[in-house]
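These notes are about the structure you will find just below.
First chain written, first letter: the chains are A, B, C and D, and each begins at residue 1.
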Amino acid sequence: MSSTVKDMLATYPADLGDIDQAKLTRCIEECIACAQACTACADACLSEGMVSELAKCIRTDMDCAATAAVLSRHTGYDADITAAILKACAMVSTSCADECGRHADMHEHCRICVEACRSCEQACNKLLGTLG
Amino acid sequence: MSSTVKDMLATYPADLGDIDQAKLTRCIEECIACAQACTACADACLSEGMVSELAKCIRTDMDCAATAAVLSRHTGYDADITAAILKACAMVSTSCADECGRHADMHEHCRICVEACRSCEQACNKLLGTLG
Amino acid sequence: MSSTVKDMLATYPADLGDIDQAKLTRCIEECIACAQACTACADACLSEGMVSELAKCIRTDMDCAATAAVLSRHTGYDADITAAILKACAMVSTSCADECGRHADMHEHCRICVEACRSCEQACNKLLGTLG
Amino acid sequence: MSSTVKDMLATYPADLGDIDQAKLTRCIEECIACAQACTACADACLSEGMVSELAKCIRTDMDCAATAAVLSRHTGYDADITAAILKACAMVSTSCADECGRHADMHEHCRICVEACRSCEQACNKLLGTLG
């Protein structure tokens, strides 16, 4: 999977502009993993006994999955758009990590999701840091 | 379509919190219309004779459609997440309106898309203004 | 909203092939309305008291929203792909209407969602019927 | 990435029904990789000199990415829905592999995309085969 992202960016026929290609690759990989973890966490929460206590967690998971998915298709051709999406993604994955963190000691899927969200947030912030 | 969004929010079984429900409804409607216009504009651009000159327009359309779609499923249960997504959406739809605006006198689909993006941007900013 | 879909297809710069343009427009409109109703229904279900009894309804809503959204961006340029997506969409919206129908007398959002799913299913089947 | 999908399914709190869990995991992984390859291929095509010749490839890529993404969030709780989505996904990834295959000797991104689409198609068909 990781190699698909990297291989595809390596075959890109045009200049990717000033964007840091290694950090963009990493950010896309982390966003895909985060979207997948959030999607799976929302679905696992739905199967827990006390779903109503997890309703906010499910919503945050779904918002985070949707936001991270936006970045997965982005090539950073426009710094303003890239920055706007990265900021939203970093913020939503932080909120999702916080919310999942409240249930991480009870639910293993929440614990894994926290890690994926934190990695995504860091990758977004590292790429944001290069956009000046 | 508009009525579906309004009807569904009217049947919502829980408190939607402090969020302005009329402005949220309007914002979701505009985001859906914007996502649809951007998707159709990208597809129409692909059928124009000079596609390569429209490559940035196609990319902006697709980023804007994806970002606007995130909001279409959001109920504003968390002000931080709502604000983060609204900011990204307002910014990306502004960029998309600007980019489509460069071709609006040549391509009718770009002209329609500009209008949808500007309406979306305004609805996002109006809702953002109520979040304090 | 309806008019955006129609206006955009009217400005389409290329031949849309043999596909029935009125039925395609209607189908896209119904898919967008269905996706929106399913998304809102899933979210409303999450706020009901007995969420665990609605877990299957929430999952069906989300699968239906995702499937219907695929069609919203499709221009029917390839009859095989159009048919494959239409079949999946008709089938998933039937399943979703059935599932929501089980709760339609208790939950108004499920009742509205049934209607949107049935309209979507019919529009998909009508377009499928023209593909030969 | 692969391990995220597997780890999350391993923590799933409920019975996943009669579905073959290993084949479901593999299918979701291949769908995610395929969606990503198609998204990147569409974007790379947009940067090639002769975009208009690649317009169909870009559209097929986008339809395939959207269809494969539907499956990435599905847990196979309903055999009818699973089968409907798998059939669509297998068919669209076949079409996309065929279309990308026409440009695979000229464009490395198309060649990589063919492989991802074929793997996705096979994983979908293998899982379909177990659904009886």
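Worth a mention:
As a working rule, a residue touches a chain if its C-beta (ideal position, glycine included) is under 8 Å from a C-beta of that chain, and two chains touch if they have at least 3 such contacts.
Computed from a prediction, not measured in an experiment: that's the story for all the values here.
With respect to chain B, maximal separation of chain centres occurs for D (centres as means of Cα atoms). More contacting C-beta pairs link the chains of B-C than the other of the two pairs A-B and B-C. Over half of the residue-numbered contact pairs at A-C are shared with one candidate from C-D, A-D or B-D, namely B-D. Chain B and chain C have centres, each the mean of its CA atoms, that are 20 Å apart. Looking at chain C, residues 43, 47, 59, 62, 69, 73, 75 sit in touch with two or more other chains.
Per the touch definition, chain C reaches chain A in the complex via residues 43, 46-47, 49, 51-52, 55, 58-59, 62. On the side of chain B, the complex with chain C involves touching residues 1-2, 4-5, 7-9, 11-14, 28-29, 32-33, 36-37, 39-41, 43-44, 47-48, 65, 69, 72-73, 75, 107-109, 112, 116. For chain D in complex with chain C, the touching residues are 56, 59-60, 62-63, 66-67, 69-70, 73-75, 77-78, 80-81, 84-85, 87-88, 91-92, 95.
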